[in-house]
Amino acid sequence: MADLNIHIKDLHFKNPVTTASGTFGFGEEFMEFMDLNLLGGIFVKGLTIKNREGNEYPRMAETPSGMLNAVGLQNKGVDYFVNSIYPRIKHLHTEIIPNVNGGTVEDYLMVTEKLNETEGINAIELNISCPNVKEGGMAFGVSCPSAVAVTEAIRKVWKKTLIVKLSPNVTDITEIAKGVEGAGADAVSLVNTFLGMAIDAEKRKPILSTVTGGLSGPAIKPIALRMVWQVYQVVKIPIIGMGGIMNATDAIEFMLAGASAIQVGTANFIDPQVSLRIIDGIEKYLAGHHYKKAGDIVGQLMT
Amino acid sequence: MADLNIHIKDLHFKNPVTTASGTFGFGEEFMEFMDLNLLGGIFVKGLTIKNREGNEYPRMAETPSGMLNAVGLQNKGVDYFVNSIYPRIKHLHTEIIPNVNGGTVEDYLMVTEKLNETEGINAIELNISCPNVKEGGMAFGVSCPSAVAVTEAIRKVWKKTLIVKLSPNVTDITEIAKGVEGAGADAVSLVNTFLGMAIDAEKRKPILSTVTGGLSGPAIKPIALRMVWQVYQVVKIPIIGMGGIMNATDAIEFMLAGASAIQVGTANFIDPQVSLRIIDGIEKYLAGHHYKKAGDIVGQLMT
Amino acid sequence: MKQIRDFRVKAYDRLNEDNYIIELGCDEELPAIKAGNFAEIQVPQTADVFLRRPFSILDADHKNRSLKFYVKAIGKGTRKLGELAEGTKVNLIFPLGNSFNTDHIRHALIAGGGSGIAPFILLAKELKEKKIKTIFLLGARTREDVFLADEFAKYGEVLITTEDGSLGDKGLITQHSIFSKHDFPYDKIFTCGPDPMMKAVARIAAKKGVNCEASLENMMACGFGACLCCVTETLDGNKCVCTAGPVFDTKYLKWQI
Amino acid sequence: MKQIRDFRVKAYDRLNEDNYIIELGCDEELPAIKAGNFAEIQVPQTADVFLRRPFSILDADHKNRSLKFYVKAIGKGTRKLGELAEGTKVNLIFPLGNSFNTDHIRHALIAGGGSGIAPFILLAKELKEKKIKTIFLLGARTREDVFLADEFAKYGEVLITTEDGSLGDKGLITQHSIFSKHDFPYDKIFTCGPDPMMKAVARIAAKKGVNCEASLENMMACGFGACLCCVTETLDGNKCVCTAGPVFDTKYLKWQI
């Protein structure tokens, strides 16, 4: 059987399949559906320094081959995660990666410092691309100087693996990717959701309470794939790819385009066991094409 | 019956439903399917100064709720259009709007000047957003200064209605929209296709000969709708909206978000008669909601 | 224990043009199912429906390994679900959500508005088993919108209100005389239906000092607590209707009532 | 005249696991259909297929107002099209494309590779009507991949090659002895199948100075000349296979042969 292991500095994925932040809760929601130890890693729901109630209902709209969400980083704050949630999931034999959010650089720093003290956490994902919060979030990720600034600040305090999650809502994602690489990121993850909107024509009203929200699902796959491929041409650090992955073929496409690992997001809602099927499918593909390890297909698109 | 007429300077659409450039040929391909005189207007296939063979086959990939194309502006040049095609379609009682393309500002100017001399053409659509050509195209549309420069240059020579077609592949589409408005555009049309990519995992190759192509269809609708709504907040000139419109409800959503008229693109491939159904549906909606004219719903989203 | 399981369409019971009961059967034994539980159904054979759709479990037949759902066709998914050929595979995640609390009740009032009747057949069965006296108050726009009244009659007295007076009392559910009568013998109200109606019922319950549980139908993306899309405001902040609900004690909800 | 018309699934003829003939019927009279024409079929009841799919018209029964298509299931759309219940509505745009030129032929050779046989039933009928002697050369990987041989036998002699030799001559279609025999009586070759095979046939035709027409199967988004996606390189530049083709004189194609 092919070797599926992926190492990104302190981080060790036993296979390239991880779950995307905000689509997999804290893992516990899926325990009845699967053995979580089989996953490469779990990117848990976005954390902020304080408790956040998130946006008002309605927060969701279905769209063709996708969905919009406007959750707005509802979470009980990093302390609650560290003290109450993490102890319940730290025994899992899979990497648990917190997704770090903030309205200001200081916020990001404070969250990171709390996690610094938590044993067993080998990596954080810096979310500079959330389109659903009024302050911070995506604002950091759509300008290169601010993306660099927050990455540099966190790099100073976080010594283990630092993953920066990029926004697709930009003219040139390669510029931002190079910027955060220069600022010390160990990996980039992309993409977060696309800013979109849905309207109820009969009521003449937006469907989401926040008017706009983040688009995810297969609809965005072609754009996400293009971005991964573009970023792969310009950075040396590993890429964790995502955006509409529904099955193993999709995952393999992202890997061929340059992703060392992938995240499964919206697909979890439709088939909570989909990640296991994706792991199986990648194994079969590697075997069928006589590859020795998962890393052998990364970036191997013949153009 | 509600008044469906839309006027944009010299341009008069008898209803808000037009067909998108590159998806409706020169109208003739649809004559067997419908009475073209019923359409508000026809945006014909992109024109360049010289004959272009376009990109190599394969030029198309199906994606979830959408498609990628990499046609690359195949056309016989503006002279052929003016001398051979236009005489065959000028009798139609609908607006025929050429879509103007170029690799340099001079190219755009030369095409425009040829059209200047052609009677009956009341408007041109400046395509600064084609993602499928190596030179020019989208490059103009993703930077504000170059979008402004080409618009200003054309404005000097084209006195009738000037529509500038915007690229969605930007961080902030409102900035570009404001720029071209300032440069003298009479209207903006948005969106062109999103830069995307498709991969054949078994062959480990891109599906398109050009690796990347333009994503269209319902997949992009939520993002396109958001962009129309954002642009509506910042410009005073009319907006022609498009991106994934498949039925009357979609069209009405774009109008509520701020579009004075809409273009039907990819949907023409699946149902060549879809535009007529959309006109019908808009009429029914206006009647059902007791509106006197189509213009009354433009931008009437209650947020 | 939550299951992800393939079922097959066994039969439809067409109540009228837009309302139907769908019966789905499977091969394995059903898990325990409680009144109020729902299922996330993946609607097959359509390009229009991306996410699963949540439906209350109307009835569970453990012997025949089948589930029934009452569905009102209001959109793409609910229409398609009503058009499947017998034998079509339909995937379910179930049972989801919490359930009604039937402890310490002497006399229950069930108030179902419009299509908000689905969770009440299982509830009626549970109440009957517990020998709790139950009265059913069904409100609808017209007589054509009153469903399952005969079924409920098996479990207790059925009262009906219609807005146009075409069946039962004329008016809204909350205008029914049982609420204005001096004698209000009920010590628990269960309600499901349109939000304004549930709020009105909750208001009456609060006034009368009677405990009231409502089953909410918020928009859901997952149905099992992963997406945080389905929240409702409670005294403890935003809670997911799919995990903390769908049944809530109305006192706990931050409804402007 | 091109039509957009609803048909209904009448019947399937399952050739083997992956190959089938689907018969679609409609209520109105069929328009004139020529050998080589194709239809753009909208595959219903699936989320996976966005665009229509092009298929050559295998046969047209004007009396019974039905069309037949031979389909090889290779992906999402072709698999779904093989699973529809009788009576399912299927929308078609047809007839599309040009047709074979059967003028001034004395002796025709039809070379069909793999699944590239669909356009040849109508062609065989036309040739027979015109009393043009025709020989059929069918090439496939194994005997399991040879279809409709009995059908073609009604219109002329049938020769078969299989790569593994399980039926007919062993080898590729172009390795069949008729090409190496001194006597080559055919003055027209029609071919359809995988590109490399059609190119090889065209090469032989060029060498022998015989006119050759090939039916191409490029990827299409529309099928009627609107999108310019389906091009093939010709001596006159890029041409749409859906309108300038699908049938091309191979001399006109810029094939590296």
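The letters A, B, C and D name the chains in turn, as written, and every chain counts its residues from 1.
Here is the rule we go by: contacts are C-beta pairs under 8 Å (C-beta built on N, C-alpha and C of every residue); 3 or more make two chains touch, one makes a residue touch a chain.
Predicted model, so just to flag it, every value in this text is computed and none were measured.
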Groups of chains joined by contact, in the absence of chain C: one piece
Distance from chain D to chain B - Cα centre to Cα centre, in angstrom: 36
Length of the line joining the C-alpha centres of chain A and chain D, rounded to whole Å: 47
Distance from chain D to chain C - Cα centre to Cα centre, in angstrom: 55
Two or more partner chains touched - positions in chain B: 61, 63-66, 217
Touching two or more other chains - residues of chain D: 47, 49-50
Overall pattern in which the protein chains touch one another (line/ring/star/complete/other): ring
Contact pairs between chains, per stated definition: A-B, A-C, B-D, C-D
Sites on chain A touched by chain C in the complex: 22-25, 29-30, 32-33, 45, 51, 53-54, 57-67, 69, 71, 74, 217, 266, 268-273
Interface residues, chain A side, partner chain B - complex: 61, 63-66, 68, 142-143, 169-172, 194-199, 201, 204-206, 211-212, 215, 217-223, 225-226, 229, 244, 249, 252-253, 256-257, 285, 297, 300-303
Residues on chain C engaged by chain A in the complex (per definition of touch): 1-2, 4, 42, 48-52, 93, 218-233, 237-238, 243
Chain C-touching residues of chain D, taken from the complex the two chains share: 45-47, 49-50, 85
